[in-house]
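Paired with chain B in one complex and with chain C in the other, chain A is shared by the two complexes that follow.
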Partner chain A sequence: MTRSSDRPPWGAIAVFLLPALVVYTALTAYPVVRTFWNSLHKVLPNRPDEFVGLANYATLLFSDDTFWRSVRNTLVWACASPLFEVGIALLLALALYAKVPGSRFFRIAWFTPVLMSYVVVGILWVWIYNYDWGAVNALLRLLGLDTWTRAWLGKPETALPALIFVTTWMWTGFNMVVLLASLHSLPSEVIEAAELDNCGWGAKLWHVIIPLVKPTLLNLLVLSFIGKMKIFDLVWITTKGGPLWSTETVSTYLYKRAFEWSTFDLGYPSTIAAVWFVIIMTCVLVLTRVLRTRDRLEY
Partner chain B sequence: MNRLWHSLAAVARRGTLGVSTAVVALALLVGPALASAQEVTLWTHWAAEKIKREFVEDAIRQFEAANPGVRIKASWYEKTALYAALKTALRAGQGPDIFYAEPDQVEYMENGLLLDLSGLNWNNIEPWAREIWSYKGKPYGFPLEAWTVEVYYNQKMLQDIGMTVPASRQFDAAQFLDLTRKAKAKGWTPMSLGVGDRPFPGAHLTHEALLEKLGTDDYGRLLQGKLPWTDPRVADTLRYLRTLIDAGLLPTSFTSMKLGEAHTYFHTNPGALTFLSGSFYTSRAFNPPDKGGQPAGFPLGIMRFPAMTNAACNHCKTMAVGGSYVVNATAKYPREAVSFLNSMATPANGNRWLEAVLVQTGIKTDASKISGPYAGYFRELAAANVGAKYFFGLPSQVLQGKAKEAFTQIFNNAFPAGSISVDDAVRQMAAAYQ
Partner chain C sequence: MTAILGRAFLLLVLTLYTAFAAGPFIWAAMMSLRTTTEISNSHFGLPLPAHWEKFPQAWFNSNYSVYFANSASVVVTAVAILTIVGAMAAHCLSRYRFAGNRFVYFLIFSAIIFPPQITIIALFQTLVNYGLYNSLVGLTLVYVAVQLPLTVYILESFFARIPGDLFDAARMDGYSEWSIFWKVSFPIALPALATTVILNTILLWNEFLYAVVLITDEAKRTLPLGIQRFMGDQLEDVGMIATGLMIAIIPVVLIYAFFSEKLIQGMTAGAVK
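Moving on, here comes the complex of A and B:
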């Protein structure tokens, strides 16, 4: 026979859980479910929602060139950026870990860009990339490389790389700080043991340090990947997806379809959101599975 | 009785309850009186455009003085924020009584969100302005702001390259190419234009040329997708424009230059020979020089867009209706809202708009009555429009969906920037209509 004091205090549990559950349901679960529901309908004001089945999905997947162009741009960005950001961040973190002269200054200087919003960063880089008086072209002219000057954000072939450079500049510092914290928490006895074994700097980095910080690297790669899959603000401020859709991302295209295409229909934009949600979820699962550390490191 | 006495005494002791009771009683008495004041809500663009804002605020003051008991509560926005707020509010049935809109926003009419404004005093409004705002035979917008596409130029610079504007105010295609080359040889930019923050200025170049080449009917058919973009006249026109572009017509920073910067680029630094702009040029250029206006004594002239070879209508040009007011179909006070718009739609107000804002309006006006320092400008503008045949609406106002997006990407940006060939531009536009 169970005594009443052994039973879980369901009342108290409910009281503590309810607020979080209500907030989660209203602001996360319901919008997600509603988005999927909308994607199967034509959703217009002043009239009942009209069921269209999978018509929106068929149009999106089989005849919407702009969507596929935006998918390609976003994937290029999401795959390239994490490699640049985390790769450079690792080098910078190692430099700081090795206590290069002025390391305190560099730590602050390299971290500062992440403290700025995308809006500020966007405006700043529109100026830096300006053809006439921007810093990039001014520097090239100073170096006598006038033929290299161009409207960096105005040409389809350079606009996307120019924006990838901006996000790399912005986020490398963040990755660096996280990696630096990870390096500082490495067990000193393992590194000392490697040094006692006459392990060189390169070998120590490759065979000891990188395996030890691998979980952190993986998390940073996944975080950066997800961030770029959702990127909107920077593009909106700098190029609005142009020129010729060369910087169109799925988020900017979704916004355009929802708010700038002279239609109130929320069905088609919801379809884009639903498809992209599934793609991001799949990519994250695959990435986590492929990159995860199979064997637990022991030291 | 004794019980009642005790109860009252208890209430009296509780001072706070006494105050609360008094407040409730006061609210019950005064509430209906307050509710009877009709508050018409207005959401409008032009938060940062002082002169237009003052014009509307003045109209509100006059209307409220003439209609005691009616109050217009205006909320001022910048355009992007306003559009985002409206899309959400209207979907939720929470929109204002009156709001700012432009004629390309057909989605409002398509979804029955606007009140039919047949009751407006259309005798005081230009018929073409009504036509632009008509949807399935009914008018839906009060067209306050209108503008034409003009080629502004620096008279001194033109003189310096040894050219004179013909009596017709229109160079032919070869002469304009010559102008471009001569200006370039002097190290000048022949035409200031920037698309860094707008989806339309770069396209002026293409649509004015196509309009002249095809004439209003065929040009309208082209935009509607009834005339194919593969029509040889289209490619001919684009090839000529490409010659101008390759000759260095536009600033190298064209793609990132903002509209305001393009103004300054033309009249102040570094200075360009011409500037292709809506006639709203004045709203920036006639500010004091320290606030972005043109320098004192700037030799401003207006010429016509160059004539195309073998064109159907070289006297054709674009007229667009810009800022307008519409009434929400579910407005709380529709009668008062229409009444407010009617109060603005008078010839006197039209002239006041012209004098103050220096941009055309859909309200009937008499520009000859304009006096003051800008009377000369209006004479010049009128001369540049003598005998003009107008096509009403920019492509961005006529086109919808994918065609609109393609037109903006190609002709506002990539084509004038020289990033896309004539054949590619034609092919991509043709594909956008499929």
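Moving on, here comes the complex of A and C:
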């Protein structure tokens, strides 16, 4: 460190840090605190907040079926997505790693979906899933599988899987690019040695490659999990939580309670936010703690 | 022989996946050049003849010029503020050793994983209180706050790698702390700054949740809101919606065409989010 460490120039530090701290305090820290405060109150417009203690929490946790339905949907999404996204991405990254011609092009093309807003993606997939002329049903009819055609987003049984498919389509390319970078940073001798040992493709994948890229894999799994715990935009554009709550996520339910349903109370939705915030932060802490302390592989 | 077959099979799989990944966009791009009547006749037809006039139509008749201008002004302003405020904070945190340094860093860093839901309701209340609800200024400020943690995080790790000797030399030459930042740190950090600028531009250009909560006026809608609105009003007009989608996508595609590596780098660095 430099000599300035003897006596920090507080004046300069204040000037450099103050704008960021003001923004952070006013528009991040304060809203978080205010949300927790809200969660203990009945918050109606043009009226002083009325303290209700833990009543909101009690209602939410013990008698709000819609909330639990949304929690279940969100957890299904958050647990299924990482496996698909990261699993398929690993296979694709290995395929590109095998030095196929045009790998640079593939990499750039596959990354594209994550650069698009969920609004654009949502509308595209509403069309793709359209019953009469969507690409999915058109393909099924082409293959003579007319009995399989259905309104994919209109049926409670298929709506959530259909949306999970969309996020998988969107994020697989991103995971692939990250994994490819991680594969390229490995010493090639290790992978070549496995080739010499003449072990099968599956064994090589399981015993050599996966352990080597494990830190990256775990990061991506956690990332995908957290992303789905927060998902809102895609659902809002495609199904608004329907049909019959089958795609309701915690975020969309919170939005409805705060800004759509004319209950006007901002206290109860704040309780949803507070509970979900605590759950997400706990998941992050637990997952990073559990996954990080595992021994790193030496090579 | 099997090697060649294997290679060919691999290439086939990769090509199929590419069609799957890019197909929806190509479909939308084709529909954006066809009228809705043409589309209803054959949904997967080629755009022949291409109706380029649909772009000026959407731009002038369906308010897309307004949405685009709103998005552009919010994103440009927010990214400019973010870059300067974020760089100053990152410079300070990586360069000076002072009591509370790591505490401030941890505070800002931990906000990266905050779900937006924890702030959205209170932000709505706060902006209403200060008359910034339903205003592009309010949305811009919120965008600065939303992207600040990630920006500081990316920049801090870059600034921390600038050798301290450089600053000592600058101080010998009589530079003030303020001019050290502008004349030493800032120019050296340009590659990292470019990464955050491009990343923030794309993320904010696509942002939907904060916009949908904080903006209701037709004249203040950003592009994602405008598209959603248009989709709700003109559900049947598939051709025109596709044109609107393309208007939102084209800037992103242009940025990606010129800065693909930088953007991939930024997105993956921002992967912590």
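The definition used in the following text is that the second predicted complex is superposed on the first by the 274 of 299 C-alpha atoms of A that agree within 3 Å, B and C clash if a C-alpha of one lies under 4 Å from a C-alpha of the other, contacts with A are read in each partner's own complex, and residues count from 1 in each chain.
The working rule: a contact is a pair of C-beta atoms (placed from the backbone, for glycine too) under 8 Å apart; a residue touches a chain by one contact, two chains touch by 3 or more.
Just so it is clear, the model here is predicted, and its values are computed rather than measured.
**Q** Please indicate which partner A:W68 is in contact with in the superposed arrangement: first for chain B, second for chain C, both, or neither.
**A** neither
**Q** With both complexes overlaid on chain A, does A:G242 touch chain B (first), chain C (second), both or neither?
**A** first
**Q** Is A:F51 contacted by the first partner chain B, the second partner chain C, both or neither?
**A** After superposition on chain A, A:F51 lies in contact with neither partner.
**Q** Which partner does A:L153 reach: the first (chain B), the second (chain C), both, or neither?
**A** After superposing on A, A:L153 lies in contact with chain B but is clear of chain C.
**Q** For A:W206, is the partner it touches chain B (first), chain C (second), both, or none of the two (neither)?
**A** Touch status of A:W206: no partner.
**Q** When the two structures are overlaid on chain A, which partner does A:V120 contact: first (chain B), second (chain C), both, or neither?
**A** Second partner only, chain C.
**Q** One more residue to check, A:F111. First (chain B), second (chain C), both or neither?
**A** second
**Q** For the three-chain arrangement built by superposition, which of chain B and chain C touches the greater number of chain A residues?
**A** C
**Q** Applying the document's definition of touch, where does A:L254 land relative to chain B and chain C: first, second, both, or neither?
**A** second
**Q** After overlaying the two complexes on chain A, where does the chain B footprint on chain A coincide with the chain C footprint?
**A** On chain A, the residues that contact chain B in one structure and chain C in the other are 259.
**Q** Per the contact definition, I'd like the list of chain C residues that touch chain A in the complex.
**A** Of all residues in chain C, those touching chain A are 7, 10-11, 13-14, 17-18, 20-25, 27-28, 40, 43-44, 84-86, 88-89, 91-93, 95-99, 104, 107-108, 111, 113-126, 141-142, 144-145, 148-149, 152, 164, 167-168, 177-178, 181, 202, 205-209, 212-213, 224, 227-228, 231, 238, 241, 245, 248-249, 252, 256, 260, 263-264, 267-268, 271-272.
**Q** For the complex, give me every residue of chain B touching chain A.
**A** Answer in residue numbers: 83-84, 87, 90-91, 93, 104-107, 110-113, 196, 199, 251-256, 400-402, 404-405, 409-410, 413-414, 417, 419-420, 431.
**Q** In the complex, go through chain A and note every residue touching chain C.
**A** Checking each residue of chain A against chain C gives 1-5, 8-13, 15-17, 19-21, 23-24, 26-35, 38, 43, 92, 95-96, 98, 100-101, 106-121, 123-125, 127-128, 133, 135, 138, 169, 172-174, 177-178, 181, 219-220, 223, 226, 229-230, 232-233, 236-237, 250-251, 254-255, 258-259, 266, 269-270, 272-274, 276-277, 280-281, 284.
**Q** Write out the stretch or stretches of chain A touching chain B in their complex.
**A** 44-47, 65-66, 126, 129-132, 151, 153-156, 240-245, 256, 259, 261-264
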